[in-house]
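Input: structures, listed below.
In what follows, subunit A forms one complex with subunit B and a second complex with subunit C.
Moving on to the complex of A and B:
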């Protein structure tokens, strides 16, 4: 019954410690960490922070699509929950420590993920897509109509700057706050997400999710509690996406219900697909590709929707689950093979 | 205590009429979506975007037609015949080019690719007609020209009654097409076993283009009929994409009867919802969609054929 979307090689734990990859990762991390201090370019730093927030969200999303084989069209619910939790916890509850706020946002998103996970656990393929869409849309309507009086409807709510372990970073000048502090917080969050998911998705837990994706009936027959694992995968996914949303909320400083709308879900799907849902790093590459493409298209034309739609259409028809990251990997392998032959 | 006027006959009658009108629009927007899925196995997220396109074409046509004619019959013919025909031709061309490769891929990828088509159409509409809402001028607006009549103590819009009538004709016409004509029977067979029909030597591509274009044309017809009583905005497209999915899920994917019943349900829910619980009126629609998928995923009539 499962959608046969992506294909992964069976990567063992030994290979994960392959030095070359680890080294490359560390180099990329250090270069990124030094980037704002070296260039002092606020525009680029802001753009990178933005990309990294969505890279976290797209990776979280891909746990459900790439690893468990289910297309959710409702992940805006988790992204938006993360965002609104930040605002409400800081504004209403009065907790302003950044780390505490992020943890709470992840927990709340995880709870919403548990609820949506339980409700959707028996549906497959397009029914799963449409059910997640409908559930997320319910949350969106609650936020737009301001039911419960928490969201201030379409006007949205502003986000104040958080504290950091008692250090009054919120008093820093805007440029230094972004270049020197917040950018690095998001970078560390992304690195932590990557490392954590790398191990989680290669653990027996991650392999079980892949088994469910490949053949749900067989997984069931071999004694895997499929339904429970599907809920787990949704909770994990929701927590990661919620973290992305929470970090993004602090970055942009103003929240509207649009981040709960289904077009937002569509954008998250788009990012993961663009980078490659069948690859581990694909969603990160996809988030970068999506946002850079959007910025590029916007600088030439106001009709960037058309460009994005065309790219999505072409990616679906050509690269499919490989995305640009998978496509690039295949290309490099082929070039290597050819060089080997000579 | 509910005031007596709220329970009074004219009030309830008015909401029932609004509900029927809204159901008619939903029927136009979603019937093609369910037919294309049921018969051709294509889940076209962009389907209702052609409802939006029809609305824009209608505004443009009616606002430019004033010099040629302002006769009511001509205006209505433009909305009911000319615009759907034009979109039919456009859809046939699109089926041969843009949509052709989508028939081969999995439903999940169909959803994603057609989401891309929505984005493209959205900008094409903005490029042609701008992002600000546009509406039909009073001089060539059939809805304003026809006015209202008095029915059982409440005033009823003649134009909107006409729209309801066209929707009923359209539903009956489709039903007759499926049970009486050869092409309809071939389509039914295709929904059962596409490859078998192909092997019997029937040109399935021709039937496919016909069903697809007809479906899109009906969506455009709905948009064209909708716009004299409303305004065309880019948001219309997105709203109807969502609502049409609610309709076909509640009715059951691939069922003509399902679309009719679900359109009526959602039409009434929204009409009475707007009157009595305006804050959560849309939420009821999606809650209904959630309940149906969880409790009866095949929808009200989804386990039956196209017309049973």
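Moving on to the complex of A and C:
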């Protein structure tokens, strides 16, 4: 039983390096950080930035699906809100610092999450999915119809380049800006999201979300204000998804309402399912798998939707909530066991 | 017996459409006694306990807990005040280990659900308390098992133990031994009542097994068609003519 209580204060460097998962994480981070400089491959770097933006969004989404146990079909609302906030804050308000813009985007997405959360909190399962879908489509229509003259409808709006703590990075040549600088911003954001969520989801707060997922009646009868915690999880989820959207907006440089549409929500759900909603890193793997698969399928066939659907069908049927990531973990464990037996 | 009742119902009533499930029940409960609730199927036993825990809204009447009117209080707030129930069909968290199930109760009692960043397995206060509780209920061997694979009897004990972890003033048990093998029934009841006496928790338990009622109750409340038929010590209720006529001979 004493193994449950590793002392936190005096963990030395040597001990940290013995933690294989942490070590693997650091290695992956360093390799990714060096990748653009090593390969000078613009296409790959852009693809990786794209994947990382969606990895953040998929992780945020999975707080609600994987931990609180609610299937939302309206997470495009938070992704799109993050994107439009970037444009509006830079274009209309005149705040151009990248970090400030990202923080504002997260706060605004969190607010939208709170509103949608409060409106949907009493519904379950299919009703929750439909209600979140309907509310997200409402935002989509607002953006398409250009109500208030903010979004310029389906034409979309261009995103100007942000500043970074007074450094005029917007004047950098395009290659250096996108491949060098911005890639690393997104990488750090993803790493920070992973570390933060790793702790949050293992804390009493994360356990409370799991209690609600596993047995709402029991959670309530254990003294947990279930509805309030469901709203909390929506807010946290919306903030993380909004960050993903905001980072993606700066990457692509042009925003249209389609990022608020239900197909966007569907893609986020797809990524989480593909990677494994029952695992912590599943959504990250799912985002990578989804985007790579899409690129691959697009280059071979115009029926790429069919290919994607087939893959998801097979993954969900065979691996269920474990997805690709959970399946890979199980495989490695089995191989290790077999090696141990010999 | 304590001078003030910890829980008191006054003319509590529940209608489902034209059916009156609980028809004006007034009973007092104290925090140092074990009360058995008996009655034939449809007598309103479960409905009555659901009214107390807040799972169902009252049609009429008042519920007083610790001197305060809690008739309209939300469920989780009643729990936080010390009015706790366990379930006839175990309500536990399946995709979690026994340890996590128990720790979830411990952390919730301390109202630490909103704590971020400290991983639960590093929270030494709740970890050691969870270990102590698992030992008290003989569950330590199952600590790392996922609950979905546990035998029914163990799930039942865990369900009760999780309610005990909330350190209630009074606890309602809805058939604590249902589904438990007849040989283990006494062991389960022993464990529960010993823990209740030790921690000074008042118990209210619904039970169909008259042996258990006779052996473990200090007092019996007999319900029939939503009304209190008898409310007295064990011998008096068991010997009451009305109780015998409506309940005991009815082959409950």
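The rule we apply is simple: the second predicted complex is superposed on the first by the 324 of 342 C-alpha atoms of A that agree within 3 Å, B and C clash if a C-alpha of one lies under 4 Å from a C-alpha of the other, contacts with A are read in each partner's own complex, and residues count from 1 in each chain.
The rule we apply is simple: a residue touches a chain if its C-beta (ideal position, glycine included) is under 8 Å from a C-beta of that chain, and two chains touch if they have at least 3 such contacts.
What you are looking at is a predicted structure, and each value in this text was computed from that prediction instead of being measured.
Asker: Using the overlay on subunit A, decide if subunit B and subunit C clash or can fit next to each other.
Answerer: Overlaying the two complexes on subunit A (C-alpha atoms) leaves subunit C and subunit B fitting together cleanly.
Asker: By the touch definition at the top of the document, which applies to A:138: first (subunit B), second (subunit C), both, or neither?
Answerer: A:138 contacts subunit B only, not subunit C.
Asker: Based on the superposed arrangement, let me know which partner A:101 touches: subunit B (first), subunit C (second), both, or neither?
Answerer: neither
Asker: Quick one: subunit B or subunit C, who's touching more of subunit A?
Answerer: In the superposed model, B touches more residues of subunit A.
Asker: Classify the contacts of A:200 with the two partner chains as first (subunit B alone), second (subunit C alone), both, or neither.
Answerer: Once the two structures are laid over each other on A, A:200 reaches subunit C alone.
Asker: Touch test for A:223: subunit B only (first), subunit C only (second), both, or neither?
Answerer: Second partner only.
Asker: Please work out whether A:208 is in contact with subunit B alone, subunit C alone, both, or neither, and reply first, second, both or neither.
Answerer: In the superposition, A:208 contacts subunit C only.
Asker: State whether A:123 touches subunit B only (first), subunit C only (second), both chains, or neither.
Answerer: first
Asker: Rounded to the nearest Å, state the minimum C-alpha distance from subunit B to subunit C in the superposed three-chain model.
Answerer: 16
Asker: Does any part of subunit A touch subunit B in one structure and subunit C in the other, and if so which residues?
Answerer: 4-5.
Asker: Spell out the residues on subunit A that touch subunit B in their complex, using ranges where they run on.
Answerer: It comes out as residues 3-5, 71, 73, 119, 122-123, 125-127, 129-131, 133-135, 137-138, 141-142, 145, 147, 262-263, 266, 269-270, 273, 303-306, 308-313, 316-317, 320.
Asker: Give every residue of subunit A touching subunit C within the complex, in rising order.
Answerer: It comes out as residues 1, 4-6, 8, 199-200, 202-208, 210-211, 213-215, 217-226, 229, 232.
Asker: Please name which positions on subunit B make contact with subunit A in the complex.
Answerer: These residues of subunit B touch subunit A: 43, 98, 101-102, 105-109, 111-113, 115-124, 126-127, 238, 242, 245-246, 249, 279-280, 282-283, 286-287, 289-290, 293-294, 297.
Asker: In their complex, what parts of subunit C are in touch with subunit A?
Answerer: So the residues of subunit C in touch with subunit A come to 53, 74-76, 79-80, 84-85, 87, 91-96, 100, 103-105, 107-109, 111-124, 126-127, 131, 143, 162-163, 166.
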